[in-house]
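Both of the next two complexes hold chain A, though its partner changes from chain B to chain C.
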Partner chain A sequence: MSKTATYAKIASTTLSTSQLTVSFNSFSGYTDLICVVNMTRTQSGNNFSLRFNGDTGTNYSQVYFEADGTSVIPGRNSNTNAMRIAAIAGGFGTDQAMLTINILDYANATTYKSALTRYSQASTIVGTSAGSWRSSSAVTSFEIGAIGATANFAAGSVITLYGIQAVN
Partner chain B sequence: MSITKATNSGLVGTKYNNVSADNYYMEPIATTLVGSGGTATVTFSNIPQIYKHLQIRSIGHFQGTANSYLNAQMQFNGDTGSNYSYHRLFVNGSSVAVSSDSATSTTRVNTPWFPDDTYTSNYGPQIVDILDYTNLYKYKTVRTLGGFDGNGSGLVGLFSGLWMNTAPITSIVISIPSNTISQNSRFSLYGIRG
Partner chain C sequence: MPLQLYKIASVEVGSGGQSSVTFSSIPQGYTDLKLVFSARSTRANAVEDLLISLNGNNTGMTNRNIYGDGSSATATTQGGANILTNGNSSTANTFGNGEIYIPNYAGSTNKSISIDTVSENNATTAYAQMVAFIKPNTDAITSVTLSSNSSSSFMQYSTFTLYGIL
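This part shows the complex of A and B:
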C-alpha cells in the first residue's frame, strides 16, 4: 500500500489590505480540507461564515456552543444562506482570532457536506461548531469571512488551506 | 475490514538516528469505506508502532429509521473489559442547552454521534486524536471533536476518553453497539510523526 505524506499546504494568503472574504477554488485530489485562519477584524462584527460553491440559497445550518468569559452560549441556526461557523469580534487591535475549519469528504457526491470548526479569540470567545450544507455536490470552491456582513479580515490576516489525503 | 501493515519496528522511547528533514508530518495508514449492506464494526489492526500519535478522521451514519443519533464507540487491543472512561461537553438537540456528563468503568470510549438513515444524506463527521499511543508507561488518552447538524436538530461536542491500560495500541475497533454502520461511511487512520 502506498503511503503519502499528507496535511499538504495547498494555498496560503497573507492579506495586504483588509477584505470581507477569502475564497479558495483549486484543491483537487484530497479527501479532507483544513482551513487555518489567524486573523483580526478592524470593524465590529460577529458572525464568521462559510459558503460552498457560490450557493446563496438557504441550504445551510449549524449548531454551536461558545463561551465568552461570562457564560456558555449554545446556538442553532437553520435554513441560512451561509454556514455560521464562528463568532469573531472586531476592534481588538492585535488580538488574533484563530480558527481551524475541517471539511471532511468534500469531494464525494453522495453525502451532504459538513464543517467542524474550533475557534478562539483570547479577549472574547472560545467555541466549536458543526455545520451542514444540504447538497451532495462535490465542493469545488468555498468562501469564508463576513458573508453578508461588514466585519472584515484585517490586513495581516493569514489564511492557509491544507489537504488531507486518505489511503484509497 | 482490517488494515495490514507489516512494519512493527518502532521502539518506544528511542529516538531514531536518521531523522530526516521530512520526519515531522502526518501519514495516511488505512481507510475503510463501508460498502453495501453496512458493517457492525470497523477495525484497524496491526497498527504500525512507528508514529507518535494517531488520528482517525471519519464521517458516518448508521442503519435506522427512528430519526435518532448515537455515539460511536471505540475499543483498543480487543479489550472488552470495564477499562474505559470518558467526559463530554456538548450542545444537544432541540433544547439547545449545553450539557456535560461523564462515565467511568465503561466498556468503550465514547466518541461523537452518527445520525441514522432518517437523515438520509447527512453524515456525522468526527476527528479523533489518540495521543502517545505506543507509550508503555501511560494510560491512553483520546480527544475528539465531532457532531452533525440536521437543520433544526443535531449536536456538536468535545469528548475526552481514557483507556486504563499502559499497553501500546495495536488495534482499534469502532462500532455503534447493537447497530450497523451504514454504507458510504468512511474511517481513515493517520499516523503523526514526532
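This part shows the complex of A and C:
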C-alpha cells in the first residue's frame, strides 16, 4: 500500500503582545520540522537564537553566511549556550523579517541535531545558517527568539510550525 | 495527516514565448505562498534579471541580495529587480531555477519575500543567489507577476507553479 507524504501544520500563533521567545513542545510523529516565522522587532538587537530541550549548556555551534547590502559576512561561533540562527535587526516597526528553520530528523536518539535556517529582512540582511546541537537526545521542545537578549517578537508576529513525515 | 501544500496554478510557456507570467485572483485562504520556477529568457546574455510585481506593481520594493559566481560573493541592495535566472546565451536547453516564499500574504502587514535562485551554465558565468525583498504595503496579495527586466521573453518550456501553504 502506498503512503502519502505529508506537510502538516502542527501549530500557529499570532502574537497579541510582544514577547522575547516562542516555544513549541508538542510535535510527535514526524520526521522533520519546519518553523516559518514572519515577524518584526521593535527593540534593538540582532541575534535570533534557537535552544533545544531547555539545554543551557555550551553545546551549540553554528556557521552562517549573510549580506547587508554592502558586505558579504561569513561567520561562525562555537561552544555557545544557544544556537545563533539569524541576525534580525530590531527598531524597525513595520519592516517584516522572515525565517524558515528546518530541524532535521529531530526524533532520533543516535546523532547530534542540526538546524538549517534561511532568513530575510529586506532593510538589513539576507542570509543562511547551519547549526549543531551536540546532544544525541531526541528533540522534545525548542525555543526561538531573543534567548539571553532583549530584542523581542513584536505583537502581530506570526510563527507557524509544520511537520514533515517521510515515507518509505 | 492531510497534505497542506496545495497547487494553486501552474504555467508552462508555449512555443511563442511569453513576456510575463501572472498568477491572479489568488485565493486568500492559505497561510503562505510558494512560487517555484524553472526559466530561461530570450535575453542575449548568460543570465536574466527578473522583476517581481505584487498586485500589479513593484512600487517601493527594496531588497538585500547576495550572490556567488563561483569565484566571489557580492552583496547588493536594489529596488524591484535582481532575481537571477538563465538567459539565452547560457548552455543550450538549460534553465535556471528558483523559489519565492511569501509568508502571511493575506495579512495586513507589510509583505516580506524570501527568494533563492540559481542560474545553471556549463561555463564560468553561473550564479547562486539569496534575496530578501520587502513591499511596504499592507494590502493582501492577490496577484504575483514575474517578468524580464530587459524586455525579453520567457522561452518555451519555462514553468512556474504557485502553491498555497495552509
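The definition used in the following text is that the second predicted complex is superposed on the first by the 164 of 168 C-alpha atoms of A that agree within 3 Å, B and C clash if a C-alpha of one lies under 4 Å from a C-alpha of the other, contacts with A are read in each partner's own complex, and residues count from 1 in each chain.
Here is the rule we use: a contact is a pair of C-beta atoms (placed from the backbone, for glycine too) under 8 Å apart; a residue touches a chain by one contact, two chains touch by 3 or more.
Note that this is a predicted model, so its numbers are computed, not measured.
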Using the touch definition from the top, say if A:N79 reaches chain B (first), chain C (second), both or neither. first
Regarding the shared-chain residue A:V36, is it in contact with chain B (first), chain C (second), both, or neither? second
Pick one for A:M98: touches chain B only (first), chain C only (second), both, or neither. second
Once chain A of both complexes is superposed, is A:R118 in touch with chain B (first), chain C (second), both, or neither? both
Is A:Y7 contacted by the first partner chain B, the second partner chain C, both or neither? both
After superposition on the shared chain, which partner residues are touched by A:T70: those of chain B (first), chain C (second), both, or neither? second
Which of the two partners, first being chain B and second being chain C, lies in contact with A:T128: first, second, both, or neither? both
Quick one: is A:V158 in contact with chain B, with chain C, with both, or with neither? Answer first, second, both or neither. second
Common ground on chain A, meaning residues reached by chain C in one complex and by chain B in the other: 4-7, 65, 72, 118, 128, 165
For the chain B and chain A complex, residues of the former touching the latter: 5, 22, 25-31, 57-59, 89-91, 96-98, 121-127, 145-152, 154-158, 184, 186, 188, 190
Along chain C, where are the residues that touch chain A in the complex? 1-5, 31-32, 62-66, 73-77, 101, 103-104, 107, 109-114, 116, 130-134, 136, 165-166
Listed in rising order, the residues of chain A that touch chain B in the complex are 1, 3-7, 31-32, 61-65, 72, 74-76, 78-79, 102, 104-105, 108, 110-112, 114, 116, 118, 128-132, 134, 136, 164-168
Across the complex, what residues on chain A touch chain C? 4-9, 12, 36-38, 40, 65-73, 94-98, 100, 118-128, 156, 158, 160, 162-163, 165
